[in-house]
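In what follows, structures are represented as structure tokens.
First chain A sits with chain B, and in the next complex the same chain sits with chain C.
Right after this comes the complex of A and B.
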């Protein structure tokens, strides 16, 4: 699952949790340019795919891959 | 004797800043009681004073913890808090998490704290065993009674007194056991309970079990490129005008919507009816934030995903009872299994 507040699903026992952005926009970030926003959304789904491909023993958090471009954009916005 | 110094925490709504549109409001501190803090002051009486109120937007407190937590801690120090009272948050999920986080933070820094919310609140589930938490019902009409319990516990904590057993003090069990001497042995008490049960008389068990289902993690799939994947959202995402009247809160039902051949969700064709957060980004900017169909289709086209189940499942995850969530989850899982779906992505809000 994708959640902006991963600690909650992890606490109740969800086994594969992908860290989303914010409750209001879990799978993207309107503060980014359209291009970067879509790339971020893409990486969140890639993290979900990676989660399903990964063996886990219990609640485990998966963090979408980061890119330098996003960080720059985030610090500007 | 100097009055005990109480710091009260409320969210943007109870702090009078506004509703969901103020959920990102940064943390601020006001002198004296605000909103429900007045009822708290009344319940505390003359021995203690609500010296300051911390107010923060729900999103701000729980999502920007790198800012909200240091600011809250600073307020506790500035006002030399003897005890923190947070909430009550009732069934408001993010507010509950904020209250619970603040209690946890205060305790870790040597300031005792107490909060109140429904036992199913995400805050109670996440932090319940580590903090002092008074269970409430759903409705703020209980405010006076809850404040009475909160203030009684807060005064004890502020004075450094030890709390009595859960059953007397009215807070939620934390799973702690304290040694005490009972009049009868365990065997005698067990037989008495058994007799009471056989005779239909009331008795109180000494074993409290309150655990969430432990679901073993399914084994991983080596690849999804040949698999059927389904999408589920608790973001209240439905076709425009909400044809099935999905509720904005406390949903007990989910609905299925056709996405076959749909490449992305467009503003003006879909909307979120979620009543627990500000839906403007979903409804005016990009509904795919709650049901990431665009990215899913891209990955399907790239071959990373085999195919997408032709309908998605939508409900509203807002103040949802655990029982309703379990029931919906079982039904959705059963349908996915029946249709040989290999994996599901759930976007939770």
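Right after this comes the complex of A and C.
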């Protein structure tokens, strides 16, 4: 599940929730240049692909990697 | 901080040679009122009519419902800040109001393309057209009980949504002001004093209504949508006195329910008994990132704590993500030790399959429900339809589909339990 408001799917028990950007554009940011927007979308999709391959015990949020440091955060709520 | 509210009840309305209030009857000089509307040359066609409680009458096309109020003592103007009105602080002195009465602003979109109409972002495409019944089995919404003067205006050509709103709402306010002026110099039959000076030794309580902003659709400088002293933008929380709300400091879209708000009135009436009514924290919603919503919630809770609140009543105005923002405020308040009560309508029941609330975290320990708003059975046929400039479409005289729940049903919205929908539920 990709969501700009992960709190809601986590509360209703979605196992893997990827944090998106904003309500009106979950998987990108039209405020960025085309290249940066695409790169952001890429990171979100990668987080989703990793999420689906990660075993979880319950509702888990996956946060896409930052631009600066290529780190992947995951937190259990 | 004291406000006297003088109430002049309206039991009947009729046309006459002079606009005046006398002994519960509001007399309307039709030409004078139409003249006020047509004062703006951009308005080419308009009509006025009455809608009386108990009559087989349906009001359609309504955009806002306004209770006429006038300041007779103290600074500022009622309904401040909107459509070019004074932004001076209100909430003190004396205000006179026409009670059990409202001017209904109806915009007749006949002949207007959907593209132009829905650009206004005031109605979701596909949602039922807004209407309310004055009599019969379904006269249950917040606007059923009042005597109404309905103003129907055709939207001026070649104006964007915000300018169109300004033109139409200005005309409505000219009429509301004129009617309120009829009682400005009179002694009110009822006078209620709200002195909100804190009493020593009592805990503080705040009202935190969450009111959506449509900035994300209209931009931050738009005249459209609910406003705080004219500001409709998605802003940090505003701290207002309860008496400022009673003067209409928060208005538009839900003007009657905001300026005659049952929560504000009850908290103001109980001020000084078991708690001090410290104020209202107006929390704007529709922040579009979860992090922004969390930030805004923390700011509201911090403000509540700083002004000494030990308890809060939070309400929400639309469901979905606005409800999430309300719950975030509730959580933030509870974390700071502020006992917080949620007053809310419930989700659409969806045939009994939907949960009453999309989120109910452990901090949510005290909830007052105003029901789902669902009213079974069709709206019955009616004899009279008002709210159009010309002849209403025939379909409006016939049965209308039942209210399934309030979400998306603008004609059934009743955030604070002002209407009687819930009584049909239980």
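Keep this in mind: the second predicted complex is superposed on the first by the 68 of 77 C-alpha atoms of A that agree within 3 Å, B and C clash if a C-alpha of one lies under 4 Å from a C-alpha of the other, contacts with A are read in each partner's own complex, and residues count from 1 in each chain.
Operating definition for what follows: a residue touches a chain if its C-beta (ideal position, glycine included) is under 8 Å from a C-beta of that chain, and two chains touch if they have at least 3 such contacts.
In this text, all values refer to a predicted model and were calculated from it rather than measured experimentally.
J.: Would you sort A:28 into first (chain B), second (chain C), both or neither based on which partner it touches?
T.: first
J.: Give one of first, second, both or neither to describe whether A:41 is in contact with chain B, with chain C, with both, or with none.
T.: first
J.: Between chain B and chain C, whom does A:4 touch in the aligned arrangement: first, second, both, or neither?
T.: Both partners, chain B and chain C.
J.: Would you check which partner chain A:19 touches, where first means chain B only, second means chain C only, and both and neither mean what they say?
T.: Touch partner of A:19: chain C, not chain B.
J.: Of the two partners chain B and chain C, which one touches more residues belonging to chain A?
T.: With both complexes superposed on chain A, more residues of chain A are touched by B.
J.: Classify the contacts of A:53 with the two partner chains as first (chain B alone), second (chain C alone), both, or neither.
T.: The first partner, chain B, only.
J.: Taking the two structures together, which residues of chain A meet both chain B and chain C?
T.: Overlap of chain B and chain C footprints on chain A: residues 4-5, 7-8, 11-12, 21-24.
J.: Going by the contact rule set out above, which residues of chain B touch chain A in the complex?
T.: Touch list, chain B to chain A: 59, 62-63, 93-94, 97, 122, 125-126, 212-224, 235, 277-282, 285-286, 288-290, 292, 294-296, 298-299, 304-305, 343, 345-349.
J.: Name, in rising order, each residue of chain A that touches chain C in their complex.
T.: 4-8, 11-12, 19, 21-24
J.: Under the definition above, what is the set of chain A residues touching chain B in their complex?
T.: Counting only chain A, the residues touching chain B are 1-5, 7-9, 11-13, 15-16, 20-28, 30, 37-38, 41-42, 44-46, 48-49, 52-58, 60.
J.: Chain A touches which residues of chain C in the complex?
T.: Chain C reaches chain A through residues 216, 288-290, 293, 321, 324, 328, 358-359, 361.
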